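Could you have a look at this structure, given as structure tokens, before my questions?
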Amino acid sequence: MPPAPDIRIPLDVPSEEQERYRENYRTITHGTGRLMLFAGDQKVEHLNDDFYGEGIHPDDADPEHLFRIASRARIGVFATQLGMIARYGEDYRDVPYLVKLNSKTNLVGTTQRDPLSSELHLVRQVVDLRDRTGLAILGVGYTIYLGSEYEPMMLFQAAQIVNNAHANGLTTVLWMYPRGKAVKDERDPHLIAGAAGVAATLGSDFVKVNPPKAGGTMDAALLREAAAAGGRTGVVCAGGSHADAPEFLQQLHDQIHVGGTVGNATGRNIHQRPLDEAVRFCNAISAITLDDAGVAEAVGIYEGGK
Amino acid sequence: MPPAPDIRIPLDVPSEEQERYRENYRTITHGTGRLMLFAGDQKVEHLNDDFYGEGIHPDDADPEHLFRIASRARIGVFATQLGMIARYGEDYRDVPYLVKLNSKTNLVGTTQRDPLSSELHLVRQVVDLRDRTGLAILGVGYTIYLGSEYEPMMLFQAAQIVNNAHANGLTTVLWMYPRGKAVKDERDPHLIAGAAGVAATLGSDFVKVNPPKAGGTMDAALLREAAAAGGRTGVVCAGGSHADAPEFLQQLHDQIHVGGTVGNATGRNIHQRPLDEAVRFCNAISAITLDDAGVAEAVGIYEGGK
Amino acid sequence: MPPAPDIRIPLDVPSEEQERYRENYRTITHGTGRLMLFAGDQKVEHLNDDFYGEGIHPDDADPEHLFRIASRARIGVFATQLGMIARYGEDYRDVPYLVKLNSKTNLVGTTQRDPLSSELHLVRQVVDLRDRTGLAILGVGYTIYLGSEYEPMMLFQAAQIVNNAHANGLTTVLWMYPRGKAVKDERDPHLIAGAAGVAATLGSDFVKVNPPKAGGTMDAALLREAAAAGGRTGVVCAGGSHADAPEFLQQLHDQIHVGGTVGNATGRNIHQRPLDEAVRFCNAISAITLDDAGVAEAVGIYEGGK
Amino acid sequence: MPPAPDIRIPLDVPSEEQERYRENYRTITHGTGRLMLFAGDQKVEHLNDDFYGEGIHPDDADPEHLFRIASRARIGVFATQLGMIARYGEDYRDVPYLVKLNSKTNLVGTTQRDPLSSELHLVRQVVDLRDRTGLAILGVGYTIYLGSEYEPMMLFQAAQIVNNAHANGLTTVLWMYPRGKAVKDERDPHLIAGAAGVAATLGSDFVKVNPPKAGGTMDAALLREAAAAGGRTGVVCAGGSHADAPEFLQQLHDQIHVGGTVGNATGRNIHQRPLDEAVRFCNAISAITLDDAGVAEAVGIYEGGK
Amino acid sequence: MPPAPDIRIPLDVPSEEQERYRENYRTITHGTGRLMLFAGDQKVEHLNDDFYGEGIHPDDADPEHLFRIASRARIGVFATQLGMIARYGEDYRDVPYLVKLNSKTNLVGTTQRDPLSSELHLVRQVVDLRDRTGLAILGVGYTIYLGSEYEPMMLFQAAQIVNNAHANGLTTVLWMYPRGKAVKDERDPHLIAGAAGVAATLGSDFVKVNPPKAGGTMDAALLREAAAAGGRTGVVCAGGSHADAPEFLQQLHDQIHVGGTVGNATGRNIHQRPLDEAVRFCNAISAITLDDAGVAEAVGIYEGGK
């Protein structure tokens, strides 16, 4: 298990919200400073591609599948849109939520127009929902497409969201993706490190990046530059492949122990599996992320032992 | 008659508005969870094409025709713009209304510019009208063109509208249409399922989709993917053809009992008929939607028996 | 004289403003339901083209000419911009005013860019001026270019203006002009009927359209479709030609008695004449519009008898 | 000396601000209704081109040169940006100021993109500065590029500024310049008259136009159409040439006595001279504008007699 | 040491904030009127290019390196984004901060689209952070790309920021860079002087410009025009080369004593060095800027003597 770090409370959290922020941070990291984020925002991002079709278990066709996994598995936080939480949250009050504040579909490609993902809900609406319902809404998330011609609008919204979220004791995760006509190689390690650095300047608690590649090949060591550039903003990374579970878990282990990341953000690799398997896969991921388990131990958890 | 479902109140309805929301939902679904939406927003969407010309009864030339039908027929809710309700509502206080909040004309085609349909009225203005007049304004509606270059603006407005409507005890219907240069096949079942899923992430009560086609042919079974993807957001569908009434009613029956939809949104097929016939046609639709009547029974209602 | 109709107060007029709305409506229609609108907003729309040059009387070079006519003639309402009223209104307190809220010049043509006419003043500012000065500001007007790529912005502003105007007891007139690259025939009767229908959905009291043509020829009967489509929103029409006065008055008579319009909006045809003649021409128009006078009688008024 | 006109207070000046407006108007016109505007906004409009280089006296390199002139010379009002007043105003409390509210550089040419000059400061900020400091801030100014594709935005900002300025007792000057791809001849007298008319519809106290030309030649008589079109909005004009002083003063005299303007707006022709000469040149201009002095007398003032 | 100037408080600083402004100004200039600005905003502007790679010391990979330098060295003010201050400021309470309010990445080049750098945080949020935490946040900064097609938006934001900053007792620095398709030579001395003049019209305390070149060659004397054009807005300049330290210090000395600037803004040249060397280099710069030290003395400080 990783050493429990002191929690540093950023200065944009006012004193009356510091205890809440501390608890939120402790909860989503299980007191470890590491984050296991279960990503469930793809119903907009990828429409129904991730939920129905060959190689996807029928359980995944129902949006409630995401909540069932989030409720039964050991996760840090479940990221999804506010509307989903409003509609299912009453039946899943035990889930730790992070509201993904922007989303776009994949219909308009970069060759047609540079990507813009605009805010759907305001931090104020998230706070209202939290305060009225008592749901465990612990953070908010936002995607920035660096290098898009709409970068200025997304940088502004992100900066405001981090500031407003902290003002209300919420933690933040920024999804930083270089994308647009100006971006030649979205997986360039140096560019991804730059993206992590931008998240640091925006004051986010965590930044989610895609795994960098050199010469088309992933290598966890390529993440070190990003981990350094993020500074106190922890870098979390997608497993990044549809590989089989052991390979996925090995990559995750390497990202943390070689690359210096502090966790993962995983969606499809989890929810495209049937419920029980998805839960076990979450638990395997969490064992590596939160307990410093080895890969073999994690594979054992996934395969059904415990 | 379909089983009366428990009404699930979404969490963005505050406690002081929950009773109103419950009653609104019960009223528009006649306690069945099914929705018969009489669509009367085409005076903007199609200008006068749907109201005057060959094959359209002269009754339809007068906007009041819509209100006469809505008043005499058995419907769930009548959807039209706020200005229409303001001008005719006093004489039709018995009609259950849903305010369609955005509309655009059909003049600018997709080849010229991707579609944008912007908000005309604010939820606050709908609530003011409801509260001052006591009219039965029970919900609001909004159209999103997924895949348009203006998708971000419409997603934002829709998300805000659902949130604000629920905050005021109003129900919501989103018209989800994939459209724009990036959309190759607007009727693709997988894409329509994705659109239903987006409505779910926005927390809408209902989503209206066009009937999907495979190889150019409609088949109610193609709706199953969308019905699943919508989750707790009920899918309603247009009858989708200018076919004769029995064929229309058979399609509707199939959509519900084969495709898994929870109702229909029908406009032109109703109001282009003379008043008495339009009323009987509404009632036939409602018999299928709300009473689980068979097609033969519904045709009988349409043809004048009762 | 036309039968004095009951005044239907739209529901977006709150109870505390209903008496004011009723009086405003009665005043601008002289209790007849018919509207004689003297249009004086062309100093922006046509720059100085309508006020100076061959065939235009020198009286028209001075903006005050408009006020002199409005003050001495029998009109329903004088439409001009707020700034004009602010500067001349003190000397013309007897004039019934309608504030035209948007205007654009004719410099940028449709081949260069689709038309956008944006709000200049807010309804709130009109109400402030009315309430502080006691001027007879009885309504507001706004132009929409249907089919322009900027249609969404103008539909939104128009919807808001009607709603806000009614909330303050003001009447409304929408100028509805199909225009833009997507519009093949601005005078198509079916398209103009559609435009009248849009004004109805926005809840306006009156809609001003251009006279439709079929095969390049005007015919008052072509207005019937628009008059029907407008429903409770009364259609007013430009005389539409620079023809001599008797021909103009015959056209107006036909528009009302054949086409079903409820009045006219006339500008250049009035103010390009010297003051006395302009006043007599106004009075002739009003005789037809407000008194159901015949054309011969109206021509007599214009020619100086009374 | 011209007859002291009655001051007409526009109706958008509320009663509690009428005395202030009257005093401001009287001050900037020296009680004559004529305006001598010393224009000092070119540090944005022309960058350093007007302040440094061949034929420009070194005094002009320092921004304070403008304030020194404004303080020592007889002027109506000194127009410059708010930031300049904030930084030098304490040392030049005797200067009558007009805040130029928008400005753009000359870098992006019309062939690249139509001109847009956006508001820099809000009327509210001008009023705050005036009220807190007691500076003689007597009016505000704004430039509109008629015929630009951005005309709607500038018309809106200008209309709001005039309304808000009058609401706070401030006088207004609009710089009206036809410019953009759609404008073939910026100096066309008929077009400039149209521009003056637009300023009238916006309710401005004064409008500044460039001197019109016919066949490439200036002629003061060409201004008569604009003077008429402006109505109660007084037309002021640039001297319009880098000609020698006597020629400049002759043109100004003609503009007033032949063209019907009520004054001038002059910048470079004043401040590119050394301080003493600039002061004498201002005084010469003021003698013509405010005292109805002849050209010979004015030249005498400029040349140092008094 | 330069003479301690009287501090001129601009008039947009209200009386209740004048003492704070005076102290802030005195602190960032060490009472000299000269400014040594340590620029640390490049994590957005240049992504990770300035922090990792050949010729950059590994210390620079960690964002905290910037704070360590700012804390140990003698500087006027450390400029960085709000998010960075929120996350590290608690551990570096002794640092004098200036919040850089806008930033953009270098991904989208000018050939693709003219530069736009939009506000990230509002002055209000800076003031909240200052007032709640007691951090020494003494000023704000903003970049304008003059000549960009987005110039109007940046001029507006900058004008508002200066006004709001002064209203809260904060000092201001504007980074003025001519850039965009319309700009042929970003280093043209006349153009840079124009840019300094624009900052003066916006009322900024300081303006940062790039060192001008003539015929591709830098020469401190070329700055004189800009220093004059800035007037009471002090011009600070980048050292502008990756030259060795003595050459850099000589250039800085010349900028001040030949070019008439009042200081420098330096980033990469400092933080790409290891911590101790970076601190000594800062101190050498400060010796020239704040103490009027000679180049040899400054080189001695850099090389380790004191």
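To keep things simple, chains are lettered A, B, C, D and E as they appear, and every chain counts its residues starting from 1.
Quick note on the criterion: contacts are C-beta pairs under 8 Å (C-beta built on N, C-alpha and C of every residue); 3 or more make two chains touch, one makes a residue touch a chain.
Since we're looking at a predicted model, the values are computed, not measured.
Subunit B and subunit D have Cα centroids separated by 58 Å.
Averaged C-alpha coordinates give centres for subunit A and subunit B that are 36 Å from one another. For subunit A, no residue reaches two or more other chains under the stated contact definition.
Contact topology of the protein chains: cyclic, one closed ring where each chain has exactly two touching partners. Tracing the ring of inter-chain contacts outward from subunit D, first into subunit E, gives the chain sequence D, E, A, B, C.
Taken together, the subunit B residues at the contact with subunit A in this complex read 8, 10-12, 14-15, 146-149, 151-153, 155-156, 159-160, 162-163, 166, 178, 180-183, 190-191, 193-195, 197-198, 200-204, 225, 228-233.
Residues 41, 43-44, 47-49, 51-53, 61-64, 80-90, 103-105, 107-109, 112-113, 116-121, 125, 129, 132-133, 135 of subunit E are the ones that touch subunit A when the two sit in their complex.
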